[in-house]
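Each of the next two complexes has subunit A plus one other chain: subunit B in the first, subunit C in the second.
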Partner chain A sequence: MKSVVSIHQLGQIFDFIKKDYRVLGTKEENGKPIFGEISSAREILIPTPKTILPFKKLIYPAILDLAKTENGKPVAFFGMTNCDAEALCVFLDKFKDTGLVPPFRNILVISTTCVPDENCFCTAFGNGKITNFDLHITKEKDQYAIFSGSALGRKILKLNRIKVSNTISKPTAVKLENVRKIQLEKLGKAIDDKTGKLPFWQEIADECFGCGACTAVCPLCFCTGKDFENDAEGGCKHCLKWDSCYAKSFSEIQNHFDLRPSNVNRLYNWYHHKFVRSPKEDGEILCTGCGRCIKACPAYLNQHRIIETVQNYTKVIDKSK
Partner chain B sequence: MPNQDSKFKYTSYEIIKKEEMMPGMFLFRLKGRLDFKPGQFVQAALEHFGEGTFAPCSDPNQKDYFELCIRGCGSTSNGLITLLPGDEMLVRGPYGNGWPIKKLWYKDTLLIAGGMGLVPLRPLIFEMLRSKINFDKITLVAGFKTDEHLLFSHDLEIWRKKLSKVIPVVEIGSKNFWGEIGMITEPLKNLVFNKKKTIALICGPEVMVPFVNQVLEEKGLPHNQIYISYERRMECGIGICQHCNIGSHLVCKDGPIFRYDQIKEEVGK
Partner chain C sequence: MKKSLAIFSLTSCEGCQFEMLNHYETFNGLLKYFEIKNFRLGQENNFDENFDIAIIEGSADGEEQIKFLKKIRKQSKVIVAIGACAHLGGIQSERNSLPQGIFHKKPTKIVPAVIKTEYIIPGCPINHAELYHCLLDIYWGKQFFLPDLAVCFECRVNENECLIKSGKPCLGPITRSGCNSVCVNAGEACLGCRGAKPEPNIEKLKKILEPMIGEKETENIMTIYGDLTNEIDPSAKK
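On to the complex of A and B.
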């Protein structure tokens, strides 16, 4: 269902939501788009560019004090691209029942039209349709079109006396040029079967610095370490900390026995987790094609091209048979 | 400390006994009930330092206490072993699946332990001895570095009388040693067992496992009759930290005990 509203009405909806929710969204700070607390509708960037860091730091901080994991005010994401909204759903699902992130029922998703860049490849995994939202907003000249995607979204519009047209209308799907579809099943099999692919992974690992920048910017990387944070006064906090599976000691057990001693082992594990292990666990791949990893990689590795290539790598082997 | 609802909540247990098993390795007896299955693990923490993964090694039916065998290895475990009776130890868990006890009913069981690998097998032996009626032959082959490194030597002496066969193997041993001298694979090669009826349970260092598997394979034991307990780095124990995976499996949630035929393709991924 679509409604067209003015900036004033959008502000009214924002204020309405702000009463009950902690509002987070994409805003500009020092000339760069970032995810942060939003205090006014004017701050929200619509259409929404991609932030360097995704939403995850806002609901799952880099250092999470386990003494303070109580679920406070519900969270509204106001101003979020479709790929991030999808990642948010997967992220919350992965952490359900842990008590570490707000539960799904306490999250309101108001997605917005995105500004795709040269690294985006979300359409490789789907048809680009925008589906994961309570409300979705696009800018139409001086006005805003609002689509409701859930009962909660419709209720918010109704309570704000926004007229909803009777015709069924959906947000325009994301279209990206030069992005070919990736068959997930085939990709999973291609990664899972290591036979004959060692040179392939080694070649990438030789380029990769193993810095873990891709894991820090990925909305669906959530490797975690557990630690005690000590302070000078003798206090100590029991914390969870972001970790990276590219870190050297990540798979180390006692006596410094490292189960993934070289970068190629760790790099392979990253792709394996995203496209093999996670789909086996609950059917979800851990990638939405946001392309943040490509932008962040100091070695100029292109993760999109890597999965495209590994997928075709089997083709080469098949032909030779 | 974590809030009361947290999955990471510790229970504080008083240490009521501490016994030095060998230099740097201690058996702690902790007061209180821990409802665990043999083969499961707990996370024991030392504030300011960190947390380590340990398998409870006492009789799981013991209601008044449980025991943890801790070897000083890194900073946390070296800190933990300085604790004394009267001190409190923070423990959370148990986690993991435990040994498949029902699969062992009316079967011959071959227990293979390498060094501290005997620790998670000890509660299983207690459990099996308790209801011996359900189990047929029980053979224990336990490898150690030297005869001075023999773990639970007192128990081994008792088990020697109660189990079908107990073979301690040491790499270096004195003349008076009652077990065998050599690598753990040696007595396994000479062991006669019914390959149709035997289930092998293995726990030991990662490097030992392929060698043991190779011997069992040569002796014709099918892969689906071999269970292995894997040691992995555990940070959370509840399947979120992603440190402990073997291929597509998480050791904390799906393991730590895996049937060999189900995991063999995944090891090394």
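On to the complex of A and C.
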């Protein structure tokens, strides 16, 4: 269902939501789009460009002090791209038994049209349809079109006396030029089957710093290290800190024995976890195609091109058989 | 029971000791656990005896300092070398690469090259919180570890624009994290004062930096703090 509202009405809806929710979304700070606390509708960037760090920094901060539990208002994301809304759903699902993050059903999601950049490849994994939202907003000249995607979304519009047209309409799907479909099953098999492919992975690892930047910015990387910090009062602060499978310490056990002794093993694990292990375990790949890792990589590696190449690598192997 | 602590300085700017004095409030808390037996910069009465922990700043220049270092080793159960000078050689190690004879002195030496060193706290200056935690961990008998990702990881967490990606030099990709990318947060390049992370891909960084700033300048910025590749964990060397 679609409604068209003025900026004034949008502000009204925002204030209505703000009463009951802690509103988080995409705004501009120091000339950069970032995720942060939103205090007025005017702050929200619609259409929404990509932030360096995704939503995870707000609900699962880089350093999480376990002694401090926040018991505030429920969270609403207002101003979030479609790919991040999808990632949020998967992210929270991975944490559902931890009690560390709120369940997805308790988070209000108001997604907004995105501003695709040259690194985006979300359509490679699907048809670009926008489906994961309570409300979805796009800008139409100086007005805003609002789509409701859930009973809660419809209720919010109703309580704000927004007229909802009866004709069924859906947000326009994302379209990206030059992004070809990736066949997930084929990709998974190609990554999982290591036979004779070490030189292939080594070639990529030779170009990689193992810096972990790509995991820091990924909405679907959530690996965490535990940290115990003694203080002078005799106490011990217990924190969770973002970690990365690119860290040597991540795969080290006693006596510095490293289960993934070299960067090539760590790099391989990144792809294997995202496209093989996770789909096997939970039926979800750990990538939405947001392209943040590509932008973040100081080595100019392109994770999108890499998976495209791996996918087609099977062919080479088959031919040689 | 309190452990005895000594803080010594070799060839350096004493910046790391000042970093401790600057955070006096923080370190003051440690006096519950440590008795400072020797700290020339911080107190009047100093003792020449055996210590549980000796903190050493600076690199060893000449026979006298080498002898002094060996003496401290004999007197101390645990050696904690602090700062880029002790760890990498520091600015003064620049002369190690000059032709012999220009300087009358022999090459300057990093602490682990002279004596067995249990811990290194890297940085120019050190991150005071890191030293503080190292000391408490030693006190409680807990193993102390340094973070081992690259500065880039922290730099992404701080949402800076990447310098390399905007065509400017930066050593973040090969440098050990743990400083919270302070330099890049302040708009400056990381110049690697914390030394290299494990398995640093130096060749790759050269491939990126050389077309950007030339071979000579690349070599220059990679050696400002001495030899970046010096092993951080002396116990892992075996």
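One rule holds for everything that comes next: the second predicted complex is superposed on the first by the 312 of 321 C-alpha atoms of A that agree within 3 Å, B and C clash if a C-alpha of one lies under 4 Å from a C-alpha of the other, contacts with A are read in each partner's own complex, and residues count from 1 in each chain.
Here, a residue touches a chain if its C-beta (ideal position, glycine included) is under 8 Å from a C-beta of that chain, and two chains touch if they have at least 3 such contacts.
Keep in mind that this is a model prediction, so the values were computed, not measured.
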| item | value |
| --- | --- |
| Touching partner for A:269 - first (subunit B), second (subunit C), both, neither | first |
| Which superposed partner A:248 touches (first subunit B, second subunit C, both, neither) | second |
| Which of subunit B and subunit C A:280 touches, first, second, both or neither | first |
| First (subunit B), second (subunit C), both or neither touched by A:94 | first |
| Subunit B versus subunit C as contact partner of A:230, first or second or both or neither | both |
| First, second, both or neither for A:207, with subunit B first and subunit C second | second |
| First (subunit B), second (subunit C), both or neither touched by A:32 | second |
| Subunit B and subunit C footprints on subunit A, overlapping residues | 228, 230 |
| Contact set on subunit C toward subunit A in their complex | 26, 29-30, 32-33, 133, 136-137, 139-140, 142, 145, 147-153, 155-157, 159, 161-162, 164-165, 170, 172-174, 197-201, 203-205, 208, 236 |
| Interface residues, subunit A side, partner subunit C - complex | 32, 34, 51-53, 57, 62, 206-213, 215-217, 228-233, 242, 244, 246-249, 256, 262-263, 295-296, 298-300 |
| Touching residues on subunit B, where the partner in the complex is subunit A | 1-3, 5-8, 45, 47-51, 73-74, 205-206, 231-233, 235-236, 238, 240-243, 245, 247-248, 269 |
| Residue ranges of subunit A touching subunit B (in the complex, touch as defined) | 66-70, 94-95, 98-100, 192, 194, 222-228, 230, 236, 238, 240, 243, 245, 250-255, 257, 259, 268-269, 272-273, 276-277, 280-281 |
